[in-house]
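One chain, chain A, appears in both complexes that follow, with chain B as partner in the first and chain C in the second.
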Partner chain A sequence: MRLAYLWDSTKCIACMACVVSCAGSNYSEIMRFEEPNPMRKWLGGNIRVVIREVGRPELRLVSCFHCDKPPCVLVCPTRASHIDRDTGLVLLDETKCIGCKACIVACPYGARWLHPTTLLPEKCPGPVCIDIIRGGRKPICVSVCPANARDFGDIDDPNSSISIKISKSKSERPLESLGTEPKYFIVKG
Partner chain B sequence: MKLKRRDFIKAAGLTALTISLPASKVIVDSIRREEAEGASLAPEVRWVKTFCGMCGALCGIEVLVSYGRPAGVRPILGHPQPGLCGRSSSLRWLWDSPLRLKKPMKRVGERGEARFVEVDWDTALNEIASKLRSIVEKYGYKAIAITHHDVWSYYMPLFSYLLGTPNVISHVSMCHVNGTVARGHVLGAGGPPTVDPDYENASYLLLIGRTLSTASMGVVNRATSNEKLRIVVVDPRMPEVGFGNVEWVPIIPGTDAAFVLSLIHVIIEEGLYDAEFLKRYTNAPFLIKPDESPLTEADIIEGGDTRKYLVWDLKVKGLVDHKAAADPDLLYTGKVKLKDDREIDVKTAFILLKERASKYKPEEAEKITGVDARTIRRIAREFALYRGVADDTWYVSKNGNDYDNVRAILILNTLIGNIDKPGGLCYAESARFPSIITVRTIEGKRYAETVYDARMPEELFGDVGAPRVDRVKYRLTPSTFDAILDAIIKEDPYPIKALFVIGTSPIMRDMNTSKVIEAYKKLDLLVVIDVLPQEDVDYADYVLPDTIFLEREEIASTKWTLHASVQVQNRVIDPPEGYDVRDALWVMFEIVRRAFPERAVALGWSSEYANYKKYEEEFLHKLDEGIISKLVATWKLDKEAFTRELNEKGYYILKRKEYYVRPYKTALGTPSGKIEIYSLTALANKLDPLPDYSPPPAYTLPKAPNEFYLVNGKGPLTSVHASLMEPMKYVGDRSIWMNPRDAERLGIRDGDLIELEGIDTRAKAVARVKVTNRVREGVLFVYSQMWGRRSKLLPQNHFAREGINPHWFSKDYVIPIVGGGASNSSVRVRKL
Partner chain C sequence: MKRLTLEILSILAIIIGLILIVIGFTRKAIHEVSWGSLVVGYTIFAIMASGSSIVNSIYALFGYRGPKMELVNIAKLGVLFSIATLISAFLMIFAEVSRPLDFWKIYVYFNANSRIAWMTLLYTILLIFLIVELVFFTRVGSIELVRPLKWIELVIAALVLITTILATSNLAQIYGSIIAIPGWYGLLAPYFIAIAILLGASGQALFIMLTLRGKTELIQFLSRYYGFILALMLPILAFFLLWNIVTARYSIAWLTYSEIVTGVYSLGFWVVVVVLGIIAPFILALYSFTTGKYLPVILASILVLITSSYNMYLQIIVHQLKALEPLAGIIREASYTITGSEILIILGSIIIWPALYVLAIQLLPLMPGEKPSRLYIFK
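Let's look at the complex of A and B:
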């Protein structure tokens, strides 16, 4: 099983439901902090918004892309960052993390951020979503999306909704040229 | 070790927020597991179905309540309007926000100083009641006014009778007034969304000055589930939906009518219209006399019927009542002999429309709109060939010429006959939801009867029947708040001395902020009932803390769906400890019980309901029972089955959309019963019966190189409440958008500060620039009803103080007769 995320950029209306719900549900303990995510100057959550303007403005939602060849796993000195054998997701074993921040630096997408109080390198999926996924359901960002723009599932299963969407649409993966093999598909048309 | 560290912190955080929760790892783990699974593993964790109240769209959501706190939110799947956006995702921040108004407050400083003392409910209500009594003694009930937005709007007619005043005037002049009036004139419909695009079946959606993502996420859900839908957005700025696979046509502000009339011109010129539809279901073939009125049977026969509109029937080659004509001619021009033997020239309404639209050939329209002629031609052809639908507009009180835009848009839909068909502009099925109060005559005596069967006799109506101040000035308006300001400041047409501001912020909502503040300072009594410190609070004599939607219950019709449907708002959770908040409904009854007891009693209030628990348990129960029993009677439902399904699902679909009904089988609410491309109601009100373009009358057009249009709009985060919540510090955009070419010309870089000066109002403000292609050259854009907060009750460093409120710069222009306001303006820019 290899679980992957899909974001349909043709449908997203930038409503921020996924961004705000991720923060509120996964990291409620820091939701009232003056600066919940000082490192990224952002919400204490796993999805960041980037608007690129080279010609037509483009929206990008940045989070962990669950690479098959993840730089964060390669650089981790304690194997705290690892690819989960059951799901293929990139996860963090908090008991092994020594807080060296190498993973944060190594991630070419800037997906990780430092929790202001635990000082753990946070990333998608957050703690609540990990349990949701283990329960066999789709994470919060998918379940809250009003625009049918998100999906999650097993790309090794040709009948999963995500596999069907990938096969029926033109999609790309973030910065494919880096060779990180993200399991995150951006539908472009 | 690390696992414990995270969990300890999480537990500590929760403990700080919820005092009763033990800070143990076991509890935290179980909360996390239960929140994740959403199952009721413990009675303390549950999902509750309700509808969102973070904006007025009221989408269906489920809220996760975990150990006494809102902990998550998700859309109700299968709901006709499934919800959720950044606003509703912020509700867990709102519920126990430190910013919430927590106790009644009484002003002790000058108006605007925001110096208050906390008082108990009895003191506040008694003092307000006593002031109301003296105002009514001197000026009558009509000197009391209420303004509101969507919150508590169902109850407003009840409040009108409760206070005996006609002056309950909402936000509509700054929102959908032009659409509502135009829909009435052209389609015989009403406010939004009495007609709406059939998003899930449309093939080509034209959004002119409208975007999908501003309010109802149910609409978004419907549109994005439609894989074949193409979307074109016409707007001076690129709304969020433009990030997706849509075409954005940047247009010069205030020129939409010229653009749409140009589309109409192309469709008529190229014969792309649906002639059969126009002949049969519209007044396009009606013959129009030189005095602009339609030719009727009464014109040619003594004692003829003025409601028999004559057309030229190609089959019988003569004048025939439209209803009886076999083949009405759309293109007839000729002479007609009247009953007094005079001969006059007549031509069809369709020809008049054709002539009007021909003023806006694409090359001419390009000069006005800035949209090139080829694009106009292409969109016109695509619209006709793809059987498109143009959204009937929503928040378009912008430039003072918007009424004509909407009429033109509705006519555009009509031309291709895509009305009440799958994928077209459709009439929504009505839930026939019972009104909170109706006037009935029983045994020759008039009563105002509530939905829960209380009866107020006519002698207690007070001034309810008096002319409403806005209708005196703008006779077609659904609501024009600016008229209240004139009544306060100039006592025109009569004085208003007391104002209740309920769940809304005129300072953020209405044009010309300085006029709103001037009026506030002149009032004898200003009561604000709200949840958060909007700037209006600073001017209030009394501030009364309202409940939020999670803390109250309501049954309502589902708004943004074509199906007839009702939904239930469950009480998800109690207010946090120490938040002494009350429903505005209870507050208004309790004020009136103390001021004019006989009025409250007549409307079914008992002094026992002063006890809030009794109100919740008995009065609200009586209210719900009244609504449910009337719905059950209207729809002939089994009461038990209905309430069970409503509670289980959170909604109940009363009737699914039936296509091809209006105007095909049912006459419309227009004078002719047809779609009126040539509006007889407009004509009767001395308005042009056809839409036309005129330059925006609401502001001085920008001319100099440093002058700009300042346009505003809504986005998926727009809410005067949600915008104050912590997430908006990061996801809310407080900048002023400027096109890169303008920025380069003025030497302004992204992130620079600029000073804006209103060309008409001279108001000045400083804001940060975002240099972006998302706005047209010559235009600045800012989100409305979000930023530039000035309440002294907000922390000094609160992020919402940044940015501007576009209404600082707008004048108080109101469209004559129609009553639409205008929130756009023009400004001069100086780099700081």
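Let's look at the complex of A and C:
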């Protein structure tokens, strides 16, 4: 099984429901903070918003792309960052993490950030979403999307909704030239 | 100053340094940049210890003793300097990570693909080899050795040099292998080794020549010796620096290299790194080499230590300030300012550095001609 994310840029209405629900569900303790997290420019959460305002406006929602060849897993000295054998997702075992921040530096997407109280790296899926995924359901960012622009599922299963959407649409993966083989598909048309 | 006074002062300095480190650690905050000044400090001290070990190998492995056995006389002090510097480096990196007490997990859950895991292992092995080398030199008394002991000395020295080269190259490639930071690009391993030798020789020049003040003939030789090493290595460093800039010019690395060479950091780069860090110490070192005067090489060493630290700050932090976003044409930008907690930790480690060196000289027979009288290694 290789679980992956899909974001349909043609359907997204940029309502930010995924961004807010990710932070609110997984990191509710941070929502009480008054100072923004320097790494996220706001309180926290696993989804970062990148906007191009010059010319034709364009948006990217950046979170962990669960690469098949993840640089964060390669650099981790204790194997705290690892690829989960059951799901293919890149996960972080906090019991092994020493907080060297190498994974944050190594991620070419800037998907990881530092929790302000534990000073340990955080990434998608957050603690609540991990339990949801293990229960066989889709993560919060997918289930709250009002435009049905997000999907999540097994790309090794040709009958999964995500596999069907990938096969029927024109999609790309972020910064493919780096060779990290992200499991995150951006539908362009 | 009396021996007891120096012992008490150095122990006090170590305690004050540890207190500063603990206070700084408890006040750590999050940066936009993940690896800040503590990683810079660690890198400088770790490669300085490596460079000092490489300089030590000139006598310990390659057998050059000097015309009057001068290098035999300073061999123990050179090894001690490497050990004190490496311990200070470890203190900085322990305080940098969020869970320093979990450092043992690197050995238990060792990831053979991780250069940080290898760095930890290699520098731990280097520290052990250096301690073995120091004990060996102390036991045999740094005199002309009988044949079997000389063989052991060569084996230890070879192990130290191999581990040093591996550790420094690996440390350089921690940066060189990270694709997320475009500016960490170029000939990093030889560049780091060149800086390491410069820092090692400069640190030794300062510490050892101050320790041996008054021994005129020895100081005159050491002025020429360290002057020669600095005058030799500075053009090599300049070559690697130029190489990195030229190759970066035609790659994505120019994204941040341009900030250093022609952008907001250019004044610091050209004045501090190039003029005060390469040209001025080269002239001073060359002067000491030709005349045997100690003051120019001391000044050159101070300049190299300060400017190399600034250079490392540019190389590690400035390159983290810009990266590509996964949206064409958009650059992710960050800013960095050193925090009070980082200053406290760096200050604590820098205080402990000479204190360890002085304390060891008071306890162990490390000065020229001294031999152990208690428990085989103590004075």
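Couple of notes before you dig in:
Following the convention adopted for this analysis, the second predicted complex is superposed on the first by the 185 of 189 C-alpha atoms of A that agree within 3 Å, B and C clash if a C-alpha of one lies under 4 Å from a C-alpha of the other, contacts with A are read in each partner's own complex, and residues count from 1 in each chain.
Just so it is clear, a residue touches a chain if its C-beta (ideal position, glycine included) is under 8 Å from a C-beta of that chain, and two chains touch if they have at least 3 such contacts.
Here the structure is a predicted model, which means the values were calculated and not measured.
Look at A:L175: by the touch rule set out above, it reaches chain C but stays clear of chain B.
In the superposed pair of complexes, A:V75 makes contact with chain C only, with no contact to chain B. Once the two structures are overlaid, the count of chain A residues touched is higher for B than for its counterpart among chain B and chain C. When the two complexes are overlaid on their common chain A, residue A:V20 makes contact with chain B while staying clear of chain C.
When the shared chain is aligned, chain B and chain C each come close enough to touch A:C97.
Using the contact criterion defined above for the overlaid structures, shared-chain residue A:C107 touches chain C, although it does not reach chain B. Of the two partner chains, chain B and chain C are each touched by A:L120.
Residues 58-59, 96-97, 118, 120 of chain A lie at the contact with chain B in one complex and at the contact with chain C in the other. Listed in rising order, the residues of chain A touching chain C in the complex are 37-39, 50, 52, 54, 58-60, 62, 71, 73-80, 96-102, 104-110, 114, 116, 118-120, 174-175, 178. Residues 28, 30-32, 34-35, 96-100, 102-103, 105-106, 108-111, 113-117, 120, 174, 177-181, 320, 323-330, 332 of chain C are the ones that touch chain A when the two sit in their complex.
Of all residues in chain B, those touching chain A in their complex are 1-3, 5-6, 9-10, 12-14, 17, 32-33, 35-37, 59, 71-75, 82-86, 88-90, 92-93, 98, 212-213, 217-218, 220-221, 224-225, 238, 240-245, 715-717, 726-727, 730-731, 772-774. Interface residues of chain A facing chain B in the complex, by the touch rule stated above, are 9-17, 19-21, 23-25, 28-32, 36, 41-43, 49, 53, 55-59, 94-97, 115, 117-118, 120, 127-132, 134-135, 140, 143-149, 189.
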